[in-house]
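You will see chain A twice below: alongside chain B first, and alongside chain C after that.
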Partner chain A sequence: MMWGKIKHWIEVRIGLEELINRHLRSFKTPKGAGFLSTLGFVAMIAFIVQVITGIMLLLYYVPHPDFAFQSVQTITNEIPYGWLFRLVHNIGSNIIIGVIIIHLLHVFLRVSYKKPREITWVSGCIMFFLVLLTSITGQLLPWNQTGFWQTTVTSTIPAFLPIIGEGISSYMRGGEFVTGITLSRYFSFHVVILPVIISVLIGLHVLMIRRQGISTSPSLEPESIETSNTEFKREDHPEGQPCFPNFSLKRLFMVMIYFVIVFFIMTFMQNIFLPPETNFPANPLMTPESIRPPWYFLAPYQLIKTIPNDILGITLIVIFSVGLMFWPFFDAKDAGRNIQKRPLLLSLALIVLALWAILTIWGMYS
Partner chain B sequence: MERRQLLKTSLAFLGTTALVSFVYPASKFLVPPQKSAKDAQITLDKDQIPTGTAKEIIYNEIPLVIINRRGSGFIALSRICTHLGCLVGYDSFNNKLVCPCHAGEFDLEGNVLSGPATKPLHRYPLKISSKQITVG
Partner chain C sequence: MIRYFIIPIVVLIGIISTGLSLASYRETFEREFMLSPWSIAKGETSACIQCHTSDDMGSEMHEITRQWKESWHAKNNISCHDCHGGAPEDASMSMMHQRGFKGSPQNIDIPEFCGTCHIAILDNFLVSGHGETFRNTGEGPNCTTCHGSHNVQQASMDIINEQLCSQCHTYERAKEMKQALFTVESKLNTINKNLNRLKLLGIATDNQEKSFFRNHAEFRALFHSIDVDAVRAKSSDYTQKLEIIEREISESFKQLAFRRNFSAYLFLIFIGLSIVVFLLLKSYEQK
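Entry: the complex of A and B
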């Protein structure tokens, strides 16, 4: 009774019911929109988790070379539940990248990037690269041996690029070497600049999805799609299910899976993303015996290590990244979206995936 | 020129000026000034580095290693691996410098022996007197 009155009081003032009807119930998801179609939403929740835990860590973290390592140790060992927020932030930073990779792969294999969804794809790829950059900048903040030397290596890689390479490295480090200046700028990028840009891009990405509608499963779509549209046309899916509550429950289920994975790793494999070197403060005069990037950088790392020509290695990575980002414009022909009927595209995707997996495993054990 | 066109042109001019006025100082702001007070020289006693051993020092904020090679005397080399910037270490047993990151190997002249590095280690000038060695 009391709850009903409160609900009515809020309803009269905000019109929540009307808001849900207009934006969620009337927004239809197409037939065949399964659990994998919720991964973009899961990535957004994972990003929010990173922001919340990051803000909690900020309350005690000190971004100075003399205090950074100790402040992280204090958060982990002395502050009540500090270990929890640090571990969720650390594990979450790895899981979010996994979620985005699977999301990108799913969209690619469904060929959902085609006209009119080029902007959605490009904004998604930019967000992926920015999340990787956020991860790179975050590695240095604890000022431990792993982070310091990983930063030394990652900030040296751009120097291989002709003409502009040295400049990029210098901009990244704020000088010739990794110092307190590097820590300050990595801190500002990690905490403010990159999260703000990513938030704006999430807004653009979601806006595009809302305007265009979620793409239909390629198996349910006609053989050839119309790419010569000159007017905006929204996919309304009148035969589909409402986003709320049907599709929202699937989203919630996948978000729960995300939390289960984070908490499972935290309980049973808490050091999987924190190698022993992370327990030692940064020593600029001693490179640790084994310095290896996180799992998602192992493939490019191994590529650079394997190819004897530095410029060729970095050029291949740049070509792959640019190619991935602008792929909708390379695949703009009026071909169908069913990848099983496009053996060339399917072969290309499988070859790139296999190469990525081989290089990652090779990098892990070399 | 019509008033509307004049307004558009003025807006474009002012917008460009405002953008350039922000972007130029912002790009300069990101590059910290080079430190001018550099160590002119570092002097060490020869006794500190017996034959077949090496000493690690910092010269102008750059980590160096001074090696007393058997039969060839002293040499000062940068410890910064020319591959990805990790620090090489002196392996006295095998007479070479080894990078722990990607197993790059250099001889005691700084030349690449094996591994992913393609450029030799940077060599620094040494002045050697009867009792002392001076870097720089």
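Entry: the complex of A and C
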């Protein structure tokens, strides 16, 4: 009774029913849109989790070399449930990258990046690179041994690029070495600049999906729909399921799985992303026994280490990144979307995946 | 198909040719810069180490550096100049007395040399049987007799052993001392291990470490008086103080257990929620 009154009160003022009908019930998702099609949404929720936990950490964090480590120790050990926010933020920062990688792979293998979805793909790739950059900048903030030395290595890598490389490295560090200036710089990027840009890009990404509709699985869709359009056409999927409640429940289920994974890691592998060196304050005079980047950077790191010519190593990474980002424009326009009928593209994807996996495992044990 | 290859090749040629056109590009330097451990590189710029590891020096001088690198001092960032003085950052002035260079101490000066840092231990050593003998005769045990010099390691009860002590006297008295030390030393070892374990698990142990360090240093200083009765008399005091640290350590382990249980609780809640959502989804799909 009481709930009905509240609902009516809101309905009169906001028109919630009409809003849900227009944006969720009448927004149809295509047939065959399975759990993997929800990963973009899961990545967005993971980003929101990072923002919320990040704000909680920000309440007590002090971005100064003399206090940063101590403030993180205080958050973990003295602030009630501070450890929970720190661990969710730490584990979440790794899971979000995993989610984005799988999402990207899924979209690539479904060839959903093709016209008219080039902007969606490019904005997604930019967001992926920005999330990686957010992760790099976040590593330094606790001012511990791992973060300090990982930053020392990662900020050296751009220096291999001719002409602009030295400038990029110097800009990243704010000088020759990793110092308090680097910490201030990384802090600004990590908590304001990058999250704001990512949020804007999320808006653009979601807008494109809402305008164009979710792409159909290529195995269910006739080839002609994708390739023949010359003017804007929304894919309404009249035969599909309503976004609410069917597809929304799939999304909710995957979000629950995301939290299950986060709390599974927190319970059984609490320190998997916090190696022992993270518990020691940064010491520029003492190098840890091994400086290894996080798992998602192991492949490029190993590539640079393995290739005898540094320019070649960094060039390959630049080519891969640029190629990935602008792939819709490189891909053959007249080719279909079913990757099983495109052995060359499938082979290319599998070779890149296999190389990435080999380099990652190699980097882990080298 | 050709578009797959043309653009990467153009970018590759562009970047490599630009790079190679910079004739002075420091590839080797950068590689070493990135892969070599920086602190060691910095340490080796110390004039003391550079000179003592150079080809101009004999093998016994190289041995000094090697021993120091493996010592407890090196692990705690205690470098050559911390004991011997001088200016390690300036090769030309590094061994000038004006820059505080002390060189190697004479045998009789060794206790004062080490006592610059280990003050309380020096005080107790000088009034002990060991210290009096050493001061009166210039012979007998000094710091390096038991601890070595450049290869000094973290002290433990193992230093008190028949082979070492019976060089000067019978082992019986030393054995009594070892027995007197046993309870407190065992507690110190256990606490040290647990503090290290907690630290690696992300628990802040600063306060406990300070308290541990203070008790540890005081007890070790007391031991250097070589007075078995004094050690026995004070052992219960130290045991009580160490038990306070042990209780705090125990609380920290309980806190860790709570964190794990709480995470497990959230894990189970989300498993439950995911099952509920999945069943709801299936029911909607059937409709």
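As a convention for this text, the second predicted complex is superposed on the first by the 358 of 366 C-alpha atoms of A that agree within 3 Å, B and C clash if a C-alpha of one lies under 4 Å from a C-alpha of the other, contacts with A are read in each partner's own complex, and residues count from 1 in each chain.
Everything that follows uses one rule, which is that contacts are C-beta pairs under 8 Å (C-beta built on N, C-alpha and C of every residue); 3 or more make two chains touch, one makes a residue touch a chain.
Not measured: the values here are computed from a predicted model.
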Fit or clash - chain C, chain B, common chain A: clash
Contacts of A:I181 with chain B and chain C, given as first, second, both or neither: first
Of chain B and chain C, the chain that contacts the larger number of chain A residues: C
First (chain B), second (chain C), both or neither touched by A:E239: neither
Partner chain in contact with A:N77 - chain B first, chain C second, else both or neither: second
Touching partner for A:T156 - first (chain B), second (chain C), both, neither: both
First (chain B), second (chain C), both or neither touched by A:D310: both
Which of chain B and chain C A:T287 touches, first, second, both or neither: both
Partner chain(s) touched by A:K250 [first = chain B, second = chain C, both, neither]: second
Doubly contacted chain A residues - partners chain C and chain B: 152-153, 156-157, 284-287, 305, 309-310
Contact footprint of chain C on chain A as seen in their complex: 73-74, 76-78, 83-84, 87, 152-153, 156-157, 159-163, 245-246, 249-250, 252-253, 256-257, 259-260, 263-264, 266-267, 270-271, 274, 276, 278-280, 283-287, 305, 309-312, 314-316, 318-319, 322-323, 330, 332, 344, 348
Touching residues (chain side chain B, partner chain A) in the complex: 30-32, 56, 58, 61, 63, 83-87, 89, 99-102, 116, 118
Touch list for chain C against partner chain A, complex: 1, 3-4, 7-8, 11-12, 15-16, 18-22, 25, 27, 30-31, 33-35, 37-40, 42-43, 77, 199-204, 206, 259-260, 262-264, 266-267, 270-271, 273-274, 277-278, 280-281, 284-285
Chain A residues touching chain B - in the complex, by the definition given at the top: 149, 152-153, 155-157, 170-171, 174-177, 181, 185, 284-291, 304-306, 308-310
